[in-house]
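Per-chain numbering from 1; labels A, B, C, D, E and F assigned in written order.
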């Protein structure tokens, strides 16, 4: 049976930290679906969903086992619908850990087949967050070292 | 002198984690007031205050020493007005701890008689948070295992 | 029914932080037993148990509801034997929290009647630890501001 | 060469915790610029920027080496423009630490000359945060013990 | 290529928390080697290595893809010698996280092929630690709910 | 007045993380004394003090403002004796932070003139600890990437 993992997030934007986790996850999983969660009702994203889908596809264009999708439902439902038994997640620090600890238990309650698998973000990328990138970008700072594609 | 405790929160919604703390607090305190803080100006709650008051009353209908109130003032003031010398609080993880550490010092400065008393949330409920429940409910997921009443 | 609490520890030595928790616990509990755990086999204490018993008794000599005992068994057993349904514990920081989180669950498994109740150490005393006092004392430093009795 | 430090923040409002860090920083740096970051687009401050500039100036009116500025650009850019090689920051707890850990790495990437220097907030002030002060002030509570000036 | 993982530890003793991680790891890996690290020089274990090997084998006797070995070398070397590209590790709390964060980076430096993969321990087992079990056992307490075999 | 800082530790051994902090501290302080604390009574070091003094001197042989000393007294006393008003310390993670938070308060109580100044260890070195190096070295692993000198 194929090992399919979802790598869910809002990816506003997708960062080099995200790329690091997905690439390292490739040895663990046969397929990885990068899944951009969005809420059609609220449109407060900084980078539009469609734009980000393009950029992530571009990032992994040489990796046939990585695909990109958007979803607007519970992650646990999206995983079931895609026959994915794993959520791949990165951990950067203790704040991430406490958040993921809660989320992963709830996901397992909603879908007992669903296992959350964690990799620790490489030190070179652990300081990068989507919110910091948005802040730097808003003030015209150079974010090119923090994202794996050109804006 | 009666030992009266306030169990304050926004309870949007009240969870099984909250219920766990209140029930365990019953052996410590003679009366516990579940106190829903709300801000009449801002109305960004997901579950209306009145609805939640009903649900919490229903949850504890067999516990005469537990009452439910709403308040729109400083917790330290509300406690004084109700002759309560204790704030009962649950701790789920280190993020909660750092937040409660600050809040409890400030409450003691505002009302030196007021003691914050902490219980650690039982493991079965530690992953539950009001914000996760709102998220699951928004997407029509099943939240019945996370709340002590029917929606 | 009397509310009896155990305040367990190795107290090598008892600090002003410990005193802070016990005194604040007095409003919650009818009796508090300060319980020095020791291991007859191992004798690697810095301050002898008997000496510390004397100093803690001296500290609380005007508080008839506080007593001092030594014990060499599981805390959960000692509590049961003393009809104590509560463990009183202080929390100084997140390191304490993670440790107490584990210990309190295990104590509840060993003795389901036993509730661990936490107060957060007052800021003025939160930096004090028994190990720091031993270190300062070993080098003839002044520890008088960190303990509630004279050495 | 003069050692110039920026003490950046939104300071909504400036607290006794902030004052503590700046005064202790005086022995490390020749000049300290208290720099209020604001976003002209968004105006969701509780205390207006101009008001806060006045209050901070008043607080340090006897300290010629402390000045106050506003800025609406990246902190790393503002520092460069002011020939400041240091960011002075206070740490209150682990939540602060995780946040500052990320921010300081990103600032060093944007401006490799820029060193972030940390002092740990004195215990008496560690519970104070701007958001708690706003909350207390909104409900007409007394915040005078948490700020170094009169409102 | 087979996905082989090492689950390393001192396992003094092996707990239900350890069992939880290994069983959940079975869906990720083709083979898991439970590897008891010991130091021939120091013999301060509470439970002898040979005894623990027997107990872990007994625990997994119906799981042909789980084997048990002892090792007395660097984990990174042991993994290489066993053609294992993964270290499987459980995370219980932030203290574990900070420790594993450091160890996993060092292991990757020693053996760049080696990926550390983390699962978060199920809440029911997160309070269990080998050191707590030793403490309870030393005082003749009942540890049967914390280990997956009979002592 | 010269700004003199102590960089205290047991340095068993001195690591690239330590070197990182000292070199970055050079822009803040006029003189830095790397101070190896040792306890003449206990001799459980892995690397002898004299050996480590040599290696640290060698590391900084081109930095005239960095000196190396050993001490066997309270850090606060050693600082006073050397007219140093600063302790320079590195922070790698939240575990370090909680420890340093306590120690720095106690040092200020012992010597109110003494200010602890913190830099966050660069990500490339944050995983390195003296205890990990000892472990790797004990098993003949390659530690050369973790120390700034040859063993």
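In this section, a contact is a pair of C-beta atoms (placed from the backbone, for glycine too) under 8 Å apart; a residue touches a chain by one contact, two chains touch by 3 or more.
Predicted model only: the values in this text are computed from it and were never measured.
Colleague: What shortest step count links subunit B and subunit F in the network of chain contacts?
Modeller: The fewest steps needed to get from subunit B to subunit F is 2.
Colleague: Identify the chains in contact with subunit A as well as subunit C, in label order.
Modeller: Chains touching both subunit A and subunit C: B, D, E, F.
Colleague: Among all the other chains, which ones are in touch with both subunit E and subunit F?
Modeller: Common neighbours, subunit E/subunit F: A, C.
Colleague: Kindly point out which of A-E, B-D or C-D repeats the E-F interface, defined as over half of the contact pairs being the same residue numbers.
Modeller: B-D
Colleague: From subunit C, which chain is the farthest off, judged by mean CA positions?
Modeller: A
Colleague: In angstrom, rounded to a whole number, how far apart do the mean CA points of subunit B and subunit E lie?
Modeller: 39
Colleague: Can you check how far apart subunit A and subunit B are, centre to centre, with Cα atoms defining each centre and the answer in Å?
Modeller: 33
Colleague: For subunit D, give me the residues that contact two or more of the other chains.
Modeller: Expected reply: 93-95, 98, 101, 104-105, 123, 126-127.
Colleague: Run through the chains and report each pair that touches.
Modeller: Result for touching pairs of chains: A-B, A-D, A-E, A-F, B-C, B-D, B-E, C-D, C-E, C-F, D-F, E-F.
Colleague: In the complex formed with subunit A, which residues of subunit E make contact?
Modeller: 3, 24, 27-28, 85-86, 91, 94, 97-98, 100-101, 104-105, 115-120, 123
Colleague: Hey, which residues of subunit A end up touching subunit F in the complex?
Modeller: Subunit A reaches subunit F through residues 93-94, 123-124, 126-127.
Colleague: Would you pull the subunit D residues touching subunit B in the complex into a rising list?
Modeller: 92-95, 126-129, 132, 135-136, 139, 141-142, 145-146
Colleague: Using the touch definition up top, name the residues of subunit D that touch subunit A in the complex.
Modeller: Touch list, subunit D to subunit A: 73-74, 76-77, 94-95, 98-99, 101-106, 109-110.
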